Amino acid sequence: MIRLVSLAALVGLWQFGAWVSDPRRLPGPLAVFDAILAEARSGALFSNMGITLARVAASFLLAMSLGAAIGYLMGRRRLVDKLLDPWLVVLLNLPALVVIVLAYVWAGLTEAAAIGAVALNKLPNAIVVIREGARALDPRLEEMAQAFRFSRGARLKHLVLPQLAPYFAAATRSGLSLVWKIVLVVELLGRSNGVGFEINMAFQLFDMKLLLAYALPFVALMLGVETLLVQPLERYVARWRRGVA
Amino acid sequence: MIRLVSLAALVGLWQFGAWVSDPRRLPGPLAVFDAILAEARSGALFSNMGITLARVAASFLLAMSLGAAIGYLMGRRRLVDKLLDPWLVVLLNLPALVVIVLAYVWAGLTEAAAIGAVALNKLPNAIVVIREGARALDPRLEEMAQAFRFSRGARLKHLVLPQLAPYFAAATRSGLSLVWKIVLVVELLGRSNGVGFEINMAFQLFDMKLLLAYALPFVALMLGVETLLVQPLERYVARWRRGVA
Amino acid sequence: EKLRLALQKTGTTGWELAVVRAFGLDKDAGLELEVTELAAPEAGKIAIQGGSADIIVSDWLWVARERAQGAKLALFPYSTGVGAVMTKDPAIRSVRDLAGKKLGVAGGPLDKSWLLLKAHALKQGVDLEKSATILYGAPPLIAEKALQGELDAALEFWNFAADLEGKGFTRAIEISDVEKALGAKGDVVITGYVFDDAFAAKNRDALARFFAMTSKAKALIASDDRAWAAAAQRIGPKDAATLAIYRKRYVAGVPKRSVAQEEADASALYRVLAEIGGEKLVGPGKTLDPGTFYKGGEAGAH
Amino acid sequence: MSPDGAAASLDVAIIAKDHRRANGPALRALEDLRLTLPMGQAGAVVGPSGCGKTTLLRLIAGLDRDFTGHVALPAHGRLGMVFQEPRLLPWRSVADNIRIAAPEAHAEEIAALLAELGLADHADHFPGELSLGLARRVALARALAVKPDLLLLDEPLVSLDAPLARELRDRIAALIDEKRITTLVVTHDLPEAIALADRIFLLSPRPAHVVATLDVPAPRSRLTKDAADELETRARAALTAARKAVQ
Amino acid sequence: MSPDGAAASLDVAIIAKDHRRANGPALRALEDLRLTLPMGQAGAVVGPSGCGKTTLLRLIAGLDRDFTGHVALPAHGRLGMVFQEPRLLPWRSVADNIRIAAPEAHAEEIAALLAELGLADHADHFPGELSLGLARRVALARALAVKPDLLLLDEPLVSLDAPLARELRDRIAALIDEKRITTLVVTHDLPEAIALADRIFLLSPRPAHVVATLDVPAPRSRLTKDAADELETRARAALTAARKAVQ
């Protein structure tokens, strides 16, 4: 309920902004909605969204699973941390453009290069967040697990993951949006389809309506995923917290 | 020590990559170092780095302080969370391009627009991470502070911040790099100086040497800051953890 | 009088400004130029939309599109420079030869040169999108890929084409020839100075002097080696042969015809583009808006 | 309902306190629990494990306001509280933990307090470097350092060796008597309750209510061994009866 | 040094154990501590607060290998341990906490164990919803659920009411005797030590070493009140002497 009211307020603000400014600079919700419908009818929206989502999903899964594993190791093992930390800092601060261009130059203008470049951009962020989580693990519970000879699986499932949950939540939320943004850049520089490609065309024409028509469906999708999937799941996973008092 | 070895290995890898590939596509460390020296001698490197660093610092501070405050509130107060969450999701997933273009079109090609646009891009990431931290605060310590009537300042300094420290570390590390990356885009789209501007020039000329010459000094700076400032500070702040056993 | 310009740093406008400064042409014309150098072509569009610049450089297709949507922008010819299909493969000499090849297209599917090439091919019964493998990408990346040999041919912007030419590529298909095949009478202006109608009305005189001044700079670059030296400094390190190609191509791109002639040819090409690019490209207008070309600047320019 | 304004005594009248749970129906911890403790006196709460003693202290301290009934506190400035677990700030040293909770206390006072509790060697330790018994003593020191007028102690002397526990018990008793601190102490140890309190509240199993109130004849310090034993026997009998009643 | 291979008894010979600290010099917790407990017997460790009892248990459990000396464990399959704090997984229910630590235990066994410890109503509670006494009982249930051959208990019966503590004490004693579980229990309660253990180790203040070893005449269950009292007096005297020696 509150969620809907808040969303309505946001749309209202947007409408207001469109009224007071030039509609060419900030087209209103209705105009954008029309444009979305038009793109949807032509099928272009779905095919582009589909391909972009596939890229987002692939690079996110790649970066997140690798990042979680490396981040956990770096958080737990001092030596690994010391060894990999400089690489991490470098990767973290290398401009996306550099990584993307190098990937395209080396691996060709291919799908693999695109997805790899995005994953490589997101990887250090996942590592950094999960590493902090791994460092903050409670050593008293760790000892308990050791005393009771927890299996590797049980340790992961019952000890580590629940403690990393908030870090995963943070890394996933900000990571998914980061991946989506980098996919847009990658598509802009060297792919022939996808939302980023369309957004760039709209941008070249300075067609804000079309630009928003391609940018917003993903936002709407994420809103839906948050409301219907992530937040109920999160509430379930964190239900033990209510009790702690 | 290990850090230096690891860095040396990274440079070695780079050199090796440069050997096996075309130096135009991946110039070696020496060539890039030469280019850096040349740019430094002409003074262009410092003026561009300086201006970019100023932008990075301003937008980072803006986004981080605002993001920490909002994130904390959203993590603690259910109503605020419900109200702001949809806005957060929208802002999180709005492509950087959209925010930047709107900022420039509305506020003109000004420094304020540039810094505001970057801060607005980073803001939701800071919020998301700090919010998780605020949610994970220990309610038992909270109760203790309430029983002993901790002042607002004491509560913040001794209770909240130490618990948020790992979240701040994660948000700062990944946030600083994110801000830097967005500043590059902002400079590309509407500023006449800065590292992002130069990097794009280099890209237009496909001068990888120059591109790296502008990209790497920031990386080196961050490496230095990490080694000499952040990590010693972190070790000091987290020294109590060693004892927990 | 003060004019605020927002220009791409790597563009040829920078050369002309270098010459203007070197020869004091701005003082002669009684103009004070405030130049914002930008990194990307789109940045100029942002600048003029946000009111941060009076004059930018863009193409008439975009101006017409904006006019069709209600923005009163106008354009004054700047350059006829267009790109070419570059290749190292001697077998490629016409669009027919592109069948089964990998063609890189700089700038993306809405690039004017690409659309014209596509229309031209269609007229000859070749659907390039079906018969050839098309790869879109950022211009520097496409040029690099052509050099790497990953592409059989590349449709590049004029300056990248010049670079490739310097590296042994041949100009297999000239887009200026394509334009003529599609109904143009000569080399058509593609880019121009773009400004607001209202601004033009208020600064008619200053604009005329500005155009005359840049025209003078163009002439100097063509004829005076000292001027060329000043301009060439803006290009960056290239070998002498490539520089010569740059100069040649630049001079060839200087508009030589009257605005009326340009407008007639542009209208012809506009119809072709509207047909092939559809509303997405040209917006709601079906024909070139008559106000697209600015008519008030010619007296001083030629 | 929430704690009401100041009164001359600590008056607790809780109609019901339910704990909401994540996985099932709410759980009633207290029901119809009434007790009164005159200002400046010490009360002890004794009852079976899990009956609701900690819940009661939390309501009195105002840490939980989600209940029906009312709690009236005697006028008091500072509250001192010892939780059942130490609840120290792990990232602050022992001395800092006390300083932060009692910003008005002088450094010498804190040092003296630490010395009295056998913590002098541990002032600059982090809580993670303490044994549980040491940590509990720090928690006790913290509650005393604020110079409380109202003192709530949840099993303050558990996990200490017998001689030390007895020593601290006597010291607390002396402090309470001297400063007239209104005190409520939860304990499982009847002799400890008799030694510390003026009045003993015996609780039933959950949901807790007061099954008997025993007054310890004043002055406590002069209580004979026999009188104390007799009190203990009475208390034990009352507790056993309450336990039987539920089963 | 680390625990050595299997032996016929629990043999501990610690030359020194230092705790490294964040803020200052290392702190010696144990020094020249030797004790031997025959396999299948129960030992009790009694010593002043903060002397090093928990440290000792951690070394024996192999949780800390940073010491000089050696520890030889009797051959054993499973280790059961009750820490001084409950150390439950807060995000798992009571039943799950036990299941996870004892994956081989059957559901009925766990249910029976919970019922025995008075936890039947709390099987689906999260640890945060338990009182401390309940949580400690869960920790005890967890240690017993693994059917240990070696049992390390750090003050297992603290924070429980007296009747419950006595009941559980007798149950543990019976279990140890029946299953011949090698057991080491830390306690501050001498009567508890005498009731549970075959052998009692009395420790000095920190750095801890064994000041006296008392053997409880077998069978413990038939120990007379007088004999028990006499043992207690001897133990108390030894502890007092050790304390004096340090001061």
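In this document, chain identifiers A, B, C, D and E correspond to the written order of the chains, with residue numbering beginning at 1 in each.
Convention: a residue touches a chain if its C-beta (ideal position, glycine included) is under 8 Å from a C-beta of that chain, and two chains touch if they have at least 3 such contacts.
Composition by chain, UniProt nomenclature: A, B = ABC transporter permease; D, E = ABC transporter ATP-binding protein.
On a predicted model such as this, the values are computed, not experimentally measured, just so you know.
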| item | value |
| --- | --- |
| Chain pair that, of all pairs, has the most C-beta pairs in contact | A-B |
| Subunit B (ABC transporter permease) and subunit D: spacing of chain centres that average the CA atoms, whole Å | 49 |
| Distance from the mean Cα position of subunit B (ABC transporter permease) to that of subunit A (ABC transporter permease), given in whole angstrom | 16 |
| Centre-of-Cα separation between subunit C and subunit A (ABC transporter permease), whole angstrom | 38 |
| Multi-partner residues of subunit C (each touching 2 or more other chains) | 42, 46, 49, 138, 141, 144, 148 |
| Per-residue overlap in subunit A (ABC transporter permease), given as positions that touch at least 2 other chains | 25, 101, 105, 140, 143, 203, 239-241, 243-245 |
| Sequence positions of subunit D contacting 2 or more other chains | 21-23, 85, 125-126, 129 |
| Chain-to-chain touches, reported pairwise for every pair that qualifies | A-B, A-C, A-D, A-E, B-C, B-D, B-E, D-E |
| Complex interface listing, subunit E residues touching subunit B (ABC transporter permease) | 20-23, 64 |
| Subunit B (ABC transporter permease) to subunit A (ABC transporter permease) touching residues, read off their complex | 2-3, 6-7, 10, 21, 25-26, 79, 82-87, 89-90, 92-98, 101-102, 105-106, 124-125, 128-129, 131-133, 135-136, 138-140, 143, 166-167, 169-170, 173-174, 176-178, 180-181, 184, 196, 199-200, 203, 208, 211-212, 215, 218-219, 222-223, 226, 238, 241, 244-245 |
| Complex contacts: residues of subunit B (ABC transporter permease) adjacent to subunit E | 239-240, 242-243, 245 |
| Interfacial residue positions of subunit C with respect to subunit B (ABC transporter permease) in the complex | 6, 9-10, 36-40, 42-43, 46-47, 49-53, 138-141, 143-144, 148, 236 |
| Touching residues on subunit E, where the partner in the complex is subunit A (ABC transporter permease) | 58, 61-63, 78-79, 81, 83, 85, 87, 89-92, 96, 100-103, 125-129, 142, 146 |
